[in-house]
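Heads up, the next two complexes both have chain A, just with different partners, chain B and then chain C.
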Partner chain A sequence: MEAIMKELAKQAKARPVLLQKAKEEGKKVIEYTGNFIPEEYIRAAGAEPFLMCRGGDPEAPDAVLEYMLRFMNPLARSMAGYWLMGMDVVTPITDLIVMQQTDNHVGRISELLEFKGLPVFKVGVPPDWDKQLAVDYYKDQLKKFVAKMEEVTGNKIDEDEVRKNFAKTNAINERLRKISELRKKNNPPIGFSEFIKLNHYSFAVDNDVMIGKLDELYDELKDAPGKFMEDCPRILLVGHAVAIGDYVVPKILEDAGAAIVADFLDEGIRTYNDDVALEGNLIDNFVDAKYVNKVPIDIFQPAWEQRFEYIKKLIEENRIDGVVWYQLAFDEIYDMECSCVAKWLKEMDMPMLKLESSYEYSRESMGPLTTRLESFVEALKGGKKNA
Partner chain B sequence: MGALAHRNFLKLLDFRGEELESFLPRWEAAAEKIGLTEKDVDFAVQEWIPAYWDTSLRGVRLCMAAYIRELVEMCSLDQWKKAGSKVVYGIMPSQPVCYRAIKFAGGDKVKISYPDFLMASVLNSFFNRADPLMEDTTVMTPRCRHCGLNKLRLNARRQDRIVSPDVVWNWGLYCNEGPKTEELIQCLEDPKWSYITTMVPHDQAYGSHEADNEERVQYLAAQLEYAQKKIGEITGVPVEREHMCQAIEEYHSYIVRLDYLNHLVGNADPQPITGNEITLFGAPTGMAFDTGFRYLREALETMIREVEARIAAGIGVLPKGAPKLGCHFIPFCLPWVDKAFLDQGVSLSFSTCFAFSKEQLNFIDCKNPYYTVAKHWYQGANAVNMKDEANIISEILKEYRLNGMLYGFYTFDRWLGAHQKTMIQMVEKQTGIQHFYIEGDFWDDENYRIEDRIRQIENISYFLHMEKMISI
Partner chain C sequence: MIFAGVDIGSTTSKAVLLDENGKNLIFALIFTTFDRNQSGEDVLKKALEQSGNKWEDVAFLVSTGYGRKAFERANMDLPEIICHATGTHHLYPGVRTIIDIGGQDSKVIEMDGKGMVTRFEMNDKCAAGTGRFFEVLTNRLLNVPMEELGELALRSDNPCVISSMCTIFAESEIISLLSQGIPKEDIVAGMCKSVTRRIVNMGKSGQITYQEPIIFSGGVANNEGVRAYFEQFLKKKVTAILMPQSTAAFGAALAAKENYEKAHG
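Showing the complex of A and B:
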């Protein structure tokens, strides 16, 4: 696994260089945020997509404080922060930043980028997803997005090309699902630290290469021994996002002897359980798969009861011993959902740890953070022994 | 002290004779319901109100009374429910027309109320006693900076201070937290807490004037009409076009007069009334009263007459020539802010939040009332993209004589508060008016030390005085 992960990491890191080269060859570079923007259309338009979901550094969120309220989540702030700091090599060469408008954190940060003169295109994603009005609105937004792609690239998008791209992402999803299934083993051969990185790499590495590497990895892992201590606590990680680069918390948990065997995150991860049907109208299919039929993201309304049903399903299917709620600081809606989840989990006697991250991983912060995580894992171990 | 405190309070607000006697028990019951003790009421009469409100002005007394009448109505909703009326809650920010149309359609078959905004305004502004309804350290954690109104709504339901409505119509057209609070209450406290949301993503191109985007206006109109129809199904009272039109006309006639008052106060030197006082009249444009505009309108007309008289006599809250600051929303729920500025010789003069663009004042069309409400919504500054907002505000500010603008106090709002530091740069550039920013929480200032705020107010005031002296 290590060699494959290293290879993928190398290719993912080299992505900006490839983008620069593509740009020199006359291709357009399109950055985008979130799972509600179908990158398949960007590729089909002949442009190069790049997911904007970097985080885990405290400096980037701080860089926007001159312009924005400090009580905004650090992931949204990082979207502008890295660029403001001059630590973003892609945004300066990007031809367009397509930003899904799901909440006000990212909404206002989009406006900051516009204020600073960057080319931003917004795609509205209505939170009232159970209304037909909203579904039609989102479809209309996606049609505008497609038109924008054609305008920026000067290329007419070929529906078959889009279909091919969806087929590839479905193939990646299928392989991620297979690998994720391996986490259900008593002692999983892969941890969340690797699994989330696989997701992140899959956004940056060539699709065909990724499919091949995921096959290789699955073959290697399917009969591999577990990588954790026998009978270690099994954790479900729930939250907004584990951003590209924000790997501290999962690592501490796994180092403390727990296995994160399931995850439920709204961003920074592929929606690998939800394939897009390839027959018929692809925008309709995408909306059905990612908006109408998918478990709603936290900001959608109504969402929380349905999300908790899904959490319960994950707990049952993955024999979960404890839940870690991984919240980004000042993410007010997740904070509210957490109160519901905490209450409902308590009623199930399921231990939960709430963590908030402001991407502050200084030496001073790491001590208490590590102690909290280790204590939680130890408590889960104790619970397992007693059981 | 006993019931005397309540009686004195009502007398202070111009309740007299038979009306006082009949209203007093209702007020006492309401005060108890929302957690006000006689001691609290006595404190308000003896200390808080005299410190922050000029009750020598009849317009102020009548306006405060209008809030109290509405609060008493809110506190009797359980009785109305028992008698068969349906209860519809509205949540700020919204615009009163659609809710008032429900009243025009149903009379007392439907009672409307904005419990959080009303309680926050009354308890904070008149009694300094909203804290017990905003304190919560478990469900909406303080470090996450939640909105005081949402905390208040949740806690008021938890503490059984408000009834469960038949439906809440929540306009989630600014922030995300408002509508999600309904879901929170439903999930955690009250499974019967039923709600309908009206939401539109903030996704317009930077600088576009959203009111001119027909598609956008039509979409909001469709959302409003959809919600109104659903609410009609719940209440059994369908709202027809004529009811919407009645409500539009009622609202429009109020804002035209409010705009007149804004201009009187904003442009008079010396300024005849305080920022807190003018805000009392503006806030009801963001919520609907079950008691309607009747009492408010009487108060407003009285206030206008009194202001005109003061201007004619050259009477002001500060001497002529004192610097004037406009605000986004004068924090009348923290009335000491206005007072602290006055103590430093600076007056807060009006809120852009309750000032109306020319488009808003001139647009009234009852042929398609939902379209009219939607268009009006986007003609205002708060719901639109940052550059559109800056343009609208800049236009409004040109009509006022100001020495500066004060922003801030919105740390809890990721829509209205998030971008202010950037937006004000744009307005400064367009208008040349200096802007100031104070971090704070409009509804619930417990995270901040008053001493720090006073120091900032002193600094801003000093700067304004020096600038004025230097420019002379």
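Showing the complex of A and C:
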């Protein structure tokens, strides 16, 4: 596994250089911010997509404070922060930043980027996903996004090309699902630290290469021995996002002897359970797969009970011993949902640990964070021993 | 052969030594310095000297507390929440809730009555609601020794309302109260009440229901005023543990004994 991960990391790291080269060859570079933007249309328009989802450094969120209040989540702030710090090599060459408007945090950051003169295109994603009016609005937004892609690239998007790209994304999803299934083993051969990185690499590495590497990895892992201690606590990670670079919490949990065997995150991970159908209208299919039929993200309301049903399903299917709720600072809706989830989990006798990150991983902050996570894992170990 | 538990906290480092039968041999305490490894060495040395033992008598050593990972001599480290629970359950079998207020953090730990932690809440981001709150405000403003705070608070019939959210704001409030001639006991009682309210609410926000028996530990458990306010807020009996600063080190020493015995049949 190590060699494959290393190779993928190398290729993902080289992505900005490839983008620069593509730009010099006359291609357009399009950044986008999340799962509600179909990158398949960007590729089909002949442009190069790049996911803007980097986080985990305290300096980047602070860099926007000259323009913004601090009461926004650190991932949204990082979207502008790295660029303001001069640490983002893609945004300066980007031809367009497509930003899904899922909450006010990303909304305000979109405006900051516009204010700073960057080309921003907003795609509205209404929170009342179960209403036809919202579905129609989102579809209309996606049609405008497609038209914008054609305008920026000067290329007419060919529907068959989009279909081919969706087929590749589905193929990546299928392989991620197979690898994720291996986490259901009593002692999984892969941890979340690797699994989330696979997701992150898949946004940056060439799709065909990624499909090949995921096949190789699955072949290597399917009969491999477990990488954890026998009978280690099994964790479900629920939350907003594990951004590209934000690997501290999974690492501490795994170092403490727990295995994160299931995840329920809204961003920073592929929606690998939700394939887009390839027959018929692709925008309709995308909206069905990623908006209408998918388990709603936290910000969509009223969805908490539906989301909790999904949490319960994951707990049962993955024989979960404890839930770690990982939210970002100032994520008020996640905070509110967490109160309900904590109460419902307590009624189920399921231990839960709530964490809130402001991407502050200084030496002084790491001590208390490590204490929390290790205590939680030790308590779960004790619970298993006494069961 | 002895077993050692060393708790390297943010303010003080503590060591507990147990003999082969798990009896408490000795407890030592020093102030933690910037060098956490050295603090561990120093407090263990002090305990060994007090007990007349030598370094080589220590069969197994478990470190805990904020500086646990820095202590190179330890055979293993455990988070302090687990050690608090182990130590407290040993002293008070059946304990269901532990309230611990240390120098730099505070914790509410819920237990199953059989020694297992079922959930916990921690305040580790802010001095409000910790021993540091008292340290900063009493030393700087009131000129009252820490050990007299509790007694002073209990004398008050009219506790002031003081911010529970921020030590800096609380400081301004106290300066204002002093300038108005408000008696010190009312201010100190207000501080105790403020810390207590904050911690009770912290636990409640984490679905902790404060089941009895409730044990109060950590350095602030020496403050009788805070204990009394916990009882008032919770309407339940709250017992301050004896030698409240020793619990985590004691739990670590028990874990040292258990792990040694596991490894050696």
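Note that the second predicted complex is superposed on the first by the 387 of 387 C-alpha atoms of A that agree within 3 Å, B and C clash if a C-alpha of one lies under 4 Å from a C-alpha of the other, contacts with A are read in each partner's own complex, and residues count from 1 in each chain.
Keep this in mind: contacts are C-beta pairs under 8 Å (C-beta built on N, C-alpha and C of every residue); 3 or more make two chains touch, one makes a residue touch a chain.
Here the structure is a predicted model, which means the values were calculated and not measured.
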item	value
Touched partner set for A:K343, first chain B, second chain C, both or neither	both
Partner chain in contact with A:K122 - chain B first, chain C second, else both or neither	first
Partner chain in contact with A:L112 - chain B first, chain C second, else both or neither	first
Chain B versus chain C as contact partner of A:A60, first or second or both or neither	neither
Partner chain in contact with A:A47 - chain B first, chain C second, else both or neither	neither
Partner chain in contact with A:L265 - chain B first, chain C second, else both or neither	neither
First (chain B), second (chain C), both or neither touched by A:T371	second
Chain B or chain C, by number of chain A residues touched	B
Chain B versus chain C as contact partner of A:G383, first or second or both or neither	second
Touched partner set for A:I37, first chain B, second chain C, both or neither	neither
Contact residues of chain A, present in both the chain B and the chain C interface	339, 343
Of all residues in chain A, those that touch chain C in their complex	339, 342-343, 346, 351-352, 354, 367-368, 370-372, 374-376, 378-379, 382-383, 386
In the complex with chain A, residue positions of chain B that touch it	138-141, 143-146, 172, 175-177, 179-181, 183-184, 187-188, 197, 199-206, 219, 222-223, 226, 385-387, 410-412, 414-415, 417-422, 426
Residues of chain A defined as touching chain B within the complex	66-69, 71-72, 101-105, 107-108, 111-112, 114-115, 120, 122-128, 131, 133-134, 137, 141, 299, 301-305, 329-333, 335-336, 339-340, 343, 356
Complex contact set, residues of chain C against chain A	66, 69, 78-82, 105, 114-120, 122, 124-125, 205-207
